[in-house]
Structure formats: structure tokens, C-alpha cells
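Got a structure for you, written out below as C-alpha cells; questions coming shortly.
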Amino acid sequence: MSTFTIPVGPQHPALKEPTSFRLEVDGEVIVNADLRLGYNHRGIEKLAESRSYIQNLFLMERICGICSNAHTACFTHGVEKLMGIEVPKRATYIRCLIGELERVHSHLLWLGVAGHEVGFDTFFMYTWRDRETIMDLLELLSGNRVHYCLYTYGGVRRDLDEGQIQKCLEAIAFLRERTAYYLNLGATEPTFVARIAGVGKLPKEKALELCAVGPLARASGVAVDIRQDDPYVGFGEYIPFHIQTDEGGDLLARVIVRAKELMESYNICEYILKNLPAGEVRVKAPRKVPEGEVVSRVEAQRGEDIHYIRSNGTEKPDRVKVRAPTLANWPATLYMLKGAYVADTPIIMAGIDPCMSCTDRMVEIADVRGDVKVWDWETLRQYGMNFHGKRKV
Amino acid sequence: MSGITAEEIKSSLEQNLHGKIEAVTVTAPRRIFLTVQPLDLPQVARFLHDKLGVTHISTITGRDTGTNVEALYHYSKDGNVVTVRVPTARDNGSIPSIISLFAGAALYEREVHDILGVHFDGNGDLRPLVLPDGWPAGVYPLRKDWTYNQEDGVLKK
Amino acid sequence: MEALKIFAYLLVYPGLLFLFFYSTLVQWADRKLYARFQNRMGPTYTGFCGMLQPIADFIKLMAKEDIVPAAADKGLFALAPILGLASVFTAALLLPVWHFSANVQSVTSFQGDLIVIAYLLSVPSLAYFLAGWASRSMFAAIGSVRVLTLLFSYEVPLFLAMLSPAVLAGSWRMAEIAAYYQQHPAHILFTLFLGFPVAITCLQAKLERVPFDIPEAETEIVGGAFTEYSGRKLAMFRLLIDVEMVVGAGFIAAIFLGGFPGGLVPGFVWFVLKTLAVIFVLCLIRAVTGRIRIEQMVNFSWRFLAPVAVIQLIIVILMKGFLP
Amino acid sequence: MKLQLGAMVPEVMKHLFRRTATIQVPFVPHPAPGNIRGTPVMDPLKCIGCKRCEMDCPAEAIEIKKEYEYKNEAGKLIRRFSMTLYVDRCTHCSQCAESCPVDAIQMDQHYDHAAYTREELKFLYKPEPMPVVAAQPAAPVADAPKA
């Protein structure tokens, strides 16, 4: 039987963000897969070169909505190294806390999406409902649900008070119980297990060869975690951390690794909240950054996030390179798709927790001060009527 | 935290690849920078892969220095980042591909080719990855002489 | 008077009018239940507790632009929803709801109507297949192939499960099966524990609901056979699925749960209660499972559903020998 | 772990009779936590016109303009500035409030801005018209549409 090609994307219900796969299928089995990125390219790397460091702080946050803190953290750590400033200890604790809370919200989101991709919508609804707890918490701590804007050069912008710490501890106790339930459910519900066990196998050698990162690599038994290998914000130094891996290499292992990481994050958060040192939360930072170059890495929720920053002694960086974890995981995804069933495509893709906004970073940018093309209500209405009038509908 | 340290990597590189590498510096804990000429890159990459056991390449950064273009290969091993700087010419610059050793680098090479116009010899698949269809050939947005305003309407047919 | 009765039977109850409104109500109940299972609200704004929401959706879809793909087979594309809808409405007329007495045969109740209704309920699946095939779209093509594969996997267990009550009652007529259960209420138990679950599972597959919504798996193949449908035709398909749900539930209730005794008004009440009970179970199944793959479905139905239905049949035949 | 058919049934049955987790926003008000970062509000009396907010705004949503200057009775030169805030671009990051050396910009609690045109989302904070006679400056007027 000859093969035929299915386009998955740029718009497809399985993809929450635009990207494009071309799957060559033979019946229900995929024989070849190809990838095209760039639908979300916003030119952030180019844009960063024309913005000051303070503006870039917020620009980096907007690379992605889910790992907003990870990118800012990575960028800020790098710039602080260039500036040569030491961050107060209380500030690093709060930075670590917000990073782990973000990981919790992202992993809960992923659990829900995994459920949704295999048609288990109830699982999706419950995990997302419980994720709201963490979103409310983040809003309470930082003033916003998604873009926390908590990082600044030399520390954090908001301090924690006693009431907030209490609320955090309560929420974490609640989420710990729920996560245990989901972990149990994910491993016992037959239809769910049937869809994830043995699906999307990625052997350890392949994970190493294709440079997979994050939970994907850890679920294949590769013990890489930037928090352990290349510690930042005090991991391993004064904040205890244990790497979580699984040998399965399939989607079930990825679910388990993420659930275990959730538990580990709860432990870290509780440790931080109970051992928060007193003191300042920020020191003054210069506006100009001395010349130099730095490679900064952070373990984002999806894996290793790496920034290369080069400064030239002015207020604006010379080059900012962002490599988000999703891009590193695409080769492994293409490998996993070959030989899989068409029905497993969405869950395999979702298995790496893809984030197109992170992957693509560039598009034409209109000068916002200039003539912004605006479609007002009436023009839109007229356009619609003309469009349908021409087609005689 | 365990495993090889930055200083060990540095001394190992200096001993074994004498003459091939320049300016090996440890700028910060676990950060090594070195410069390699394009034609020596395969040998350095092979040394890193076979002798030092580096399997992971984090990314390839492309940078326009104004006079030439350089690609920075960020290899990662036990928490150390070995950044190999490979300078090449701005026009028709080319660097040997490393995808036979590091299969994961294929997309990074495509991306650098897209945005800076560096050709990677040996990578057969250098189709546009991030730039839109219909992007004119020979226009590389991340070069310093490219600005948004000048390319206004670049996509209009 | 008789003519009026037939007219009312065709158009009012259980004909067009009742089926339309009742199926929208059932859709509402299904959505609301599903939402409450998921700790959500479900339809809220249209009518009392959002009861009119399905009707509003229907009207909205009817008013939408009707797009026919340029490459599609236009005749077949338009015919498929009408074919499906006609067959389920016809099937509804065969349900033993109103002026049936077990002794009198009529044009809507005869020996073998059990088989006829089962076949009429299979026609929608064929309509989905034709719809997907006529769309000439990649996703629709995969969807329609999956519709047929699914049809082959659930149809046999369903027929086997249906056989047991028929054998028990010794009749191929739904009214007589229902009457048999009404005379021997305890005999419901014989088919309740094996045959009924198999039939419910197959009905779930027939209605293409989670965990068997493989042909229209939204996250995999967009909308399956309905990918290219829009406007009026999609509205017809949506109505078709709801009516099929009502008829399917009524059918299961008639042959497994003792029918709808007592003439017009009590029969109506029984009909609503029993179909809603079946739909509650269907909705619960939908809420607590994920979608399985097509080859897992085939495995499941031949390795599990069909043998269970056969065991049920053997039990019933043995019981038949011992019963007075 | 052992597979268990219908593992989620107890959970969903329990929730059938519970209060829903969702509410009917916007018909039922959903209160934001007290320290949410809202929209910048400017006090024209305090502004010294250093334009640091304009420089640091990552979305380029702030425009500071000099309105007028005059000498008051004491002979002191007084400059007054207005701020135009393009709320459609504002990312509510509160960097402006942080950059301001005289605390002329504060964040309020409004976050739900929606309008049919961009003009409605242009908030103008300007000082009182210049006093004809050099008198005591009056209270400022925030010429912002009511949210």
C-alpha cells in the first residue's frame, strides 16, 4: 500500500500553538515525519539587541507564557554575572520558590494536557482546577498569574510576608494530596494506561544521541538536571534537591517522572518557606553592563534552558541567544513519531511538553510608536459583509 | 556536581589539541571558552565526543561581530559548558557540520544557517526552519546591518 | 380517529416533534451531567439552567454558512446527513412506546422489528462513512475508515447481546419482549449483569462517545468524518447523534429494562425515566475514561465483549430449559 | 500498580453534588488578590519630567510631555508634565512605578480593560491648566475614562 501525507499543523486541535508536522502514514502507522517551525517567530533575539537591559527583563519573560520565569531567571543570572553583583540570600530563596511554583503549575498543566490528548477530559478538568490553586498563589506572591515580573537585577521585586507563607504552605499541603491521587489515577485507570504505557519509546542511547533534555531525558534514564549539574539559586548548596528519573522511556515514565518532580518541588517549596532567611531582598544594580560574555543555564520545566549573552559595555546587549528546551527535544520527537500510530501523534507530541513560543523567537515588528494598523468594529463588519456578499451566501 | 571539572577539561584540551585551539579560558566556574578555526572543528568535536565523553550539545549561537560571523558551539558535560568559538567569513562562510557526531545539532545548524547565512558542509538539510516561506534568499535578519524598518514589506510579492 | 392517531404517532409522539425536543433535552442532560462530573457548570444561560442551549446551538448552526469542499462529491456530501437522520427517525417509530399491545401486530410493531431497528441504527454509521468519504479530505478519510472498523468491532457483540432477551422471551418483537419482562419482572436479572453492560458498551461505541470516539477523535484527526461539514449539514449530524442517543437508549430500555408499560401517560413517564437512566450510565462512562486506540477497540470487543455476550446467550438458553 | 476499571468513578460521583469550581464571570464578581499589579496611575503634581519611565517601559506604552512652565509667587520655576498611557500596549509590569524617582506613578488595581477602539484605551493624566495668576496649584485631574 502506498503512503500518504497528513499535515498536522500549523493549525490542529492537538497543537495548542502553531507548528507544522508532515506525517507520512501507511494506514495507521507513521513511516516518516518532518518538521517546520517558525510560525511563532517573533524576532525576540533581534529585538533584544535594541532594548535596554531593563526592558529585556520583561521581554525575556514574554518568550513564553508557561516558562516565563525560567527565561527571565536565565537571563538575569547571566547579566548579574556580567555585572558582578551578589544577590542577597533571601532573594535567592524567593527566586527558587517562584521557580519551583512555576514548575508545579507547568507540570500540572502538562498532566491535564496529556489527559486531554488521549480524550480523558475529566482528568484534564480536575488537574486544571487544582492548578488554579497555584495560579492564585503566584498571583498573591507576585501580582500576576502568568508574568510574575519578580526577578530584577540584584534581587527580587517583592518580599514575602508571614500571611503569604502560611497560605503557600496550606496550598502545597492540598496539592501534595491531589498529586498523589493523580499519580495513582494515572497509573491505574485502564484506558489511560493503555494509551500511555509503551507508547513513544525513547531508549537511553537515543536520548543521549539526540541531545534530549529535561523530563524527556530523565524518563529515559538519563540523569541530567541543571539544578544538579550546574546549580543556581542555591540548589544543592543550601537548598536540598534530589534528581528524579525513571527507566521506562515511554509516556507512562514521563507521567511518573513529572509527578515525582511535582513531589520534589513541594519538598523544596516547603523547605524554603520554613527556612527563609531574614534580610534584604535586593541590592542596587548598575544600568550599564561591563563588556563580556556569559553562558547561563537554568532547568526550566521542560528541560535545559540556555542563554548566551554578550554585552558591549552599553545599556543594550550585543547579542542574546535563547535556546529553549523544546527545540532541543524536537529531534527526539521526530524519532519517536516514526513507527508510531497516527492515534498516538498528539500524545507523543504532548509528551515532550512542547512550547512553540519558546522554540520560535522571531516576525516583523511594527514600530509601535508608528502607524498601527487598526481594524475598528465597523470596518471589520463591512469587510465581513463584502466578503460574504461576493460569494453570494 | 561530580565528574570532570572545568580545569581538567582545559588542561586535557591544551595537551591533546595543541596548535588547533586558541585562547582557552575558564571565565567563570564551569564555563570554558576556546576558539577553533573552521577546518579544525571536526577534530575538536571528535576529541570532545570520543575522549572527553561529551554527548550533549546545548545549542549553537550565531553571532555577527561586524567584520565576520562566528558560531559558538555550546557543548555540555557534567555541568560544564565548553563554548567553542568558530569564526568564519561573513560572505559565503562555511563550517564543517558536526551532525555525524552530534545528531541533535541538526536543527541548530539549520537555525544558524537561516538567520546568519553560515553554510554547514555536510548537513544536507538546510531548508528554512524558522523564517517564513517566501523569505528572500540572501537576507539574514540577525546580521547587524539588517533592521526592521529597512526590510519593511520584504514579504510582499 | 385512527388516521389522526397515526398522524400523531408519526409527527408528535414518538415522532418528529417529541424526538426533536426530547433529544435536545437529552443533550442538555448529558452536557450538564458531564459538566457536574467534572466540577463545572455546563450550559447555564439559555433558558432554565441552560435547557434551551442545545436548541440555540442547533439554530445557530442552521444559520451558519454551509461550505461544501470543491473536491467533494456534492450529491453524496448532501445526502449523507439526510440518510442518517431519516433512518434514526424511522427507527424511533419502531420503539414500543404507545399503542402497542403484545397481541396485536401493526406496521410499527411486528415479528422481527428487533432486527429492523438494529439495522436502522447501523445506517447512521454508514452515513458517517459516506460523509467522510465524500469529503475528500485526509482527516475525513481516516475518520471514515475508522468508522467502519469500529462498526465491525461493536456490531457483533451488540447483536449477540440483543439475542439473549429475544431468546428469553421467545420473540423477535420488542413489544413482546417488554411484555415478557412485565409478566416476569425477576427475569430482568438474568440479562442485567452480562448482556446489559455489553449492550451499553456497544451503544457507547455506536454513539462514538469516549472511550470509543475514535472516528472523530478531536485531538488526532480534527473532526473525523465531519471535518469538512459546516452549517445546516453539520446541524443535521449533531441532531442525528442526539436522536440516535435517545433511540439507542430507548431500545436498550425496551429489551433489557422491561419496556414502557401502561399506555400513553405512564408509558411516557417510564420512557423518560428509563432512557435518562441509560443516559446517566453512558455519561458516567464518558466521564471516567480516556479514548482508546482503534486496534485496542477491536481487541477489546473480540476478546472481551463478544465472549461475554456469548456466555450470556448460553446462560439464557440453559435457563430457558429450566424455566417453566 | 494494578489496573482498576472505573478508577475515577468515586471522585466524579462525589463531585456531582458538590459546588462547582467555576463561577459565572463576569456576572459574578471575581475578586483579585489585594496586591495585584494593576494599571499605572500618575500624579502630575509630583512628576519632575525625568522620562525614566518612558525609557524603561518595555512596551513603550508611556509618553511624557511637557505641558507648561511658570514661576510661582516664590519665584520658583515650576514645570508640569502630562503622561499618556497606551493601555492597549501596557503589560502591567509596574517597572514605571519602580523606575520613578519621585513616586509619581503608582499602580492601581484595575486589570480588566476592554474597549472597541484604541482611542478609548489611551489614558491621559494631565495637570490642571496653567494658573493665570501665579496661585497655589490646584489638585490634579486624572482625565482617565472610568474603568
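In this document, chain identifiers A, B, C and D correspond to the written order of the chains, with residue numbering beginning at 1 in each.
Here is the rule we go by: a residue touches a chain if its C-beta (ideal position, glycine included) is under 8 Å from a C-beta of that chain, and two chains touch if they have at least 3 such contacts.
It should be emphasised that the depicted structure is a prediction, and the values quoted were computed from it without experimental measurement.
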Distance between chain centroids, defined by C-alpha means - subunit A, subunit B (Å) | 24
Hey, how far is the Cα centre of subunit A from the one of subunit C, in Å?
-> 43
Intercentroid distance (Cα basis), subunit C paired with subunit B, Å = 61
What whole-number Å value describes the gap between the mean CA coordinates of subunit C and subunit D?
-> 55
Where subunit C touches two or more other chains simultaneously, the residues are 37-40, 287-289
What are the residues of subunit D that contact at least two other chains?
-> 7-8, 12, 21
In subunit A, residues with contacts to at least two other chains | 122-123, 126, 129, 189
Assign the assembly's chain-to-chain touch graph to one of these shapes: line, ring, star, complete, other.
-> other
Which chains touch? The pairs are A-B, A-C, A-D, C-D
For the complex, which residues does subunit D have touching subunit A?
-> 1-5, 7-8, 11-12, 21, 32-33, 35-37, 55-60, 89, 91-95, 98-99, 116-118
Which positions of subunit A touch subunit C when the two form their complex?
-> 4-7, 12-14, 28, 115-123, 125-126, 129, 189, 191-192, 194-195, 341-346, 388, 393
Given the complex with subunit A, which residues does subunit C contribute to the contact?
-> 37-40, 65, 138-139, 142, 210-211, 213-214, 217-222, 287-296
Can you list the residues on subunit A that touch subunit B in the complex?
-> 36-38, 41, 43, 45-46, 81, 208-213, 224, 226, 228-231, 236, 292-295, 297, 304, 306, 308, 310, 319, 321, 323, 327-328, 330-332, 360-365, 367
Interfacial residue positions of subunit B with respect to subunit A in the complex | 1, 27-28, 30-31, 33, 55-59, 61-64, 72, 74, 76, 78-81, 83, 102-108, 111, 115, 128-132, 141-142, 146, 148-149, 151-152, 154-155
